[in-house]
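Reading through the structure tokens given below for one structure.
The letters A, B and C name the chains in turn, as written, and every chain counts its residues from 1.
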Amino acid sequence: MKKLILAASILMAVYSCKKEEGAKKENTTEVSSEAPKTNNKIVTLSGGITEIVSALGHEKEIVGTDVTSTYPSTLKATAKDLGHVRSMTIEPIMAVSPTLILASEKDLNPELMTKIRSSGIQAEIFKQEYTVEGTKKLIADVAKAIGNTDYQKLNDKIDADLKQIQPIAKKPKVLFIYARGNMLMVAGKNTPMASLIGLAGGENAVSDFEDFKPLTPEAVIKANPDILFFFETGLQGAGGNDGALKMPGVAQTNAGKNKKIIAMDGGLVSGFGPRLGEAAVGLNKLLIENTK
Amino acid sequence: MRTQSKLYFYLTIGAVLLAIIAVLALNTGVYDFGGTSPFKVLWQFIKGDPGLSLSDQYVIWDVRASRIIMAILIGSMLAVSGTSLQGLFKNPLATGEAIGLTSGATLLAAIAIVLGGHFKQYLPEVVQFSLVGISAFLGALSAMMLVYRISTSAGKTNVVMMLLSGVAITSIGFSITGFLIYISKDEQLRDLTFWNMGSLAAATWTKNIVLAVVIVISYAILLPKGKALNAMMLGERDAQHLGINVEKLKKQIVIITSLMVGTCVAFSGTIGFVGLIVPYILRLLFKSNYVFILPLSAVLGSILLLIADTFSRSIVAPSELPIGILTSLIGGPVFIAILIKFKKSL
Amino acid sequence: MIKAHQINYLHKDFHILEGVDVSLGYGEFLAIVGPNGAGKSSLLSVLANEIKQGKQEILFKEKSISNWEVKILSQHKSKFSQHNSNEIPLDVKDVVMMGRYPYFDSQPHKEDLEATNKMMYETDIFHLKDREYNTLSGGEKQRVHLSRVMAQLENEIAHKLVFLDEPLNNLDIKHQYKALEIIKKFTKKANSAIVVLHDLNLAAQFADKILLMKSGKVSAYGTPQEVFTAETISQAYNFPCTICGHPITNNPMIIFG
């Protein structure tokens, strides 16, 4: 027994020494690398917020993001991926020593929210509304949080992009399917996708439930979409167009019969940030193409 | 003289081991304290060193230390409740999860959270947590009484009935809880993963205070019952002849284990197998002598859960592996080992 | 020492015991005998306060048995039950030590160790004391429990009572006699014993009084000479028998057939 304790104590001592050594090494390397422009270190825990901060010119200040923050792709090199906000814990966030934490209420683990608030680090948690007005407001709020007043051009870009949307005479019914592995879910009312579809001149095929619900063949047939809408990664994972056509109920719908399947980048579609206009226009073009 | 001092000896060894592991756990984590060892940082925090950065203070105290203490408290209670239940049912497979206690606790805790969502703003944190804890306790108690009634008659427990009624209750609890989570938009309900696999990430000092109160009350009553549990192995009638008040003992075990299991589940979700592994290991050393294994399970449970939690934080850093996965990893083989032993005696 | 009047014990509508009177003085060895299903074990259970029956009180040392405090009562009386295939994953000496639980809180005292050692010697299991209980044979386990039950009453209190339900099962002849001698020695010190026995001859040899039961009722009660007559026995057991005098001890000797 005593030997065990002795061994454990030695182990602990060695481990602590190693940790200190490792820390010292990290400190020295930090000094030699490029020093950031300002002393701000921002953690952004939502794709949309990340895009806004980057678009406002503060990309280099972002030290940590969540897993949905895929744009701009240059972030991969400078910011640490901290995981999904649903299962994230506070320590990895604090480990990047942020001066500011920006997060969206959606999907944020309430325990994490509590811990963020009590961490003593300045944090802003935004309620993101998935509309044009909501996005503009978010841009303004985020800009205020990072002390930047030069955000109007972002809003202008959105308006400019939106103007390019061409109305479609016969509004297509669009069904968004979230495909991940074996899990298939459809977007009902009050989802970012429904909002985007509306902006792009289409109509959400689902009108009798809210939020995301598992896909059932009956719901799909009832909705009878003209076009199926996927994330690019989701469609690829499901086996491309052929895989999509094999999904339960799809073959009986207009979309299935006419083989009208479209996909867009996930971050672009769900971010609802500065690229909102771009996303709407992109979707609009796809819808027009597939309604001919 | 010998039994007592032998017990104290092992308790001391356990406490020392626990302290060592606690320090190791303190040193584990992705946050970097800028070169100082976390242990030193904690020491500085306790001394009120003003030079300590706010972030350092926060991580060492509110994040790591509180989580370690919670692991110690919950691990201890889960182990003791397992041991006590095994004494009550006279079977090494009886644990909170096996007989449906954790499921009952989860169900009523979920209901309390859904109902309490409206009043949340008006109540201080301590009261909020206590209410959820109390609901979980009542849930565990109801499950317990149901199982006991179904599986015990004339003081003899039918093990098969005990385990099967546990399965039934777990299924019911699982489905209703799942349904509540599915239809509720309330983020507080979190998701099924939390309730089914457990997590110590949400540790706070307020919760630790509630847990500490529960532990003190429970252990004051339960830990001295080693002798009585030994006597119960002779059967309830013979235990009564030895001067043990059997009915009172049974009631105490039922209520206290429900209290402990309920509170733990309310704060950390279902962390399975601790109540199975710890008594099993102790039985290898001390046979089924509850005078030893009951108090020692309080220490070994803490050690086990603390080790598991530290691994869950470090294996897939910066992410975390749900702690239930780790305890099941050890627990599964232990379960099989017990079954094999069982088979040999058949 | 113990008095019970008109005990009735019903299970649903069936009288397991009906109108049984028992009265035992100090220093008496009472053997309860009778055919299977006569209610012997049930009577013992009722007298030992295991089963709460009807409204009739059992008086133990002039005080109603339900008024006795459980812990104190366990120093005055102990019971050997028909065992139970319980697994007890403990060492033999720990099982015997359980008999001393009424006397210590957390750790046994010197007297407790002495008492258990003494009884383990007398029942011839001292050499097994460090073995695991579960590895013993049926007869050895029986002796472990006998040790425990007798060790429970090793104390300075006068007039103790031991209940034994078929303590001789599984024992070979030598240990059967040893067990009965231990009980007899116990009763010679002004203590009493109530023992359910199957072997009428052993009962005749060792008991001071016999209670013969049949179908839940008392068939006969008295000294072995009084009770063990050919008609009484054959009627109770529904089987012919002959009584003659034991060649050496002159106790009645019952031969069936």
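As a working rule, a contact is a pair of C-beta atoms (placed from the backbone, for glycine too) under 8 Å apart; a residue touches a chain by one contact, two chains touch by 3 or more.
Just so it is clear, the model here is predicted, and its values are computed rather than measured.
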- So how do the chains connect up here, line, ring, star, complete, or something else (other)? line
- Task: Considering only mean CA positions as chain centres, point out the chain farthest from chain B.
- Result: C
- Counting in whole Å, what is the centre-to-centre distance of chain A and chain B, each centre being its mean C-alpha position? 37
- Query: Roughly how far is chain B from chain C, going centre to centre by Cα mean, in whole Å?
  - Reply: 44
- Message: Based only on mean CA positions, could you tell me how far chain A sits from chain C in angstrom?
- Response: 80
- Note on the structure: Interface with chain C, chain B side, in the complex: residues 1-4, 90, 224, 227, 230-231, 233-235, 237-238, 240-245, 283, 287-289, 291, 345
- Partner chain A, residues of chain B touching it in the complex: 13, 16-17, 20-21, 23-24, 27, 29-39, 54-55, 57-59, 62-64, 187-188, 190-191, 193, 201-202, 204, 313, 317-320
- Item | Contact set on chain C toward chain B in their complex | 45, 48, 50, 70-75, 77-79, 81, 84, 86-91, 94-95, 98-99, 101-102, 105-108, 132, 134, 152
- chain A contacts chain B in the complex at 1, 4-5, 8-9, 11-12, 15-16, 19-20, 23-24, 26-27, 80, 82-83, 86-87, 89-92, 94-95, 97, 108-111, 114-115, 118-121
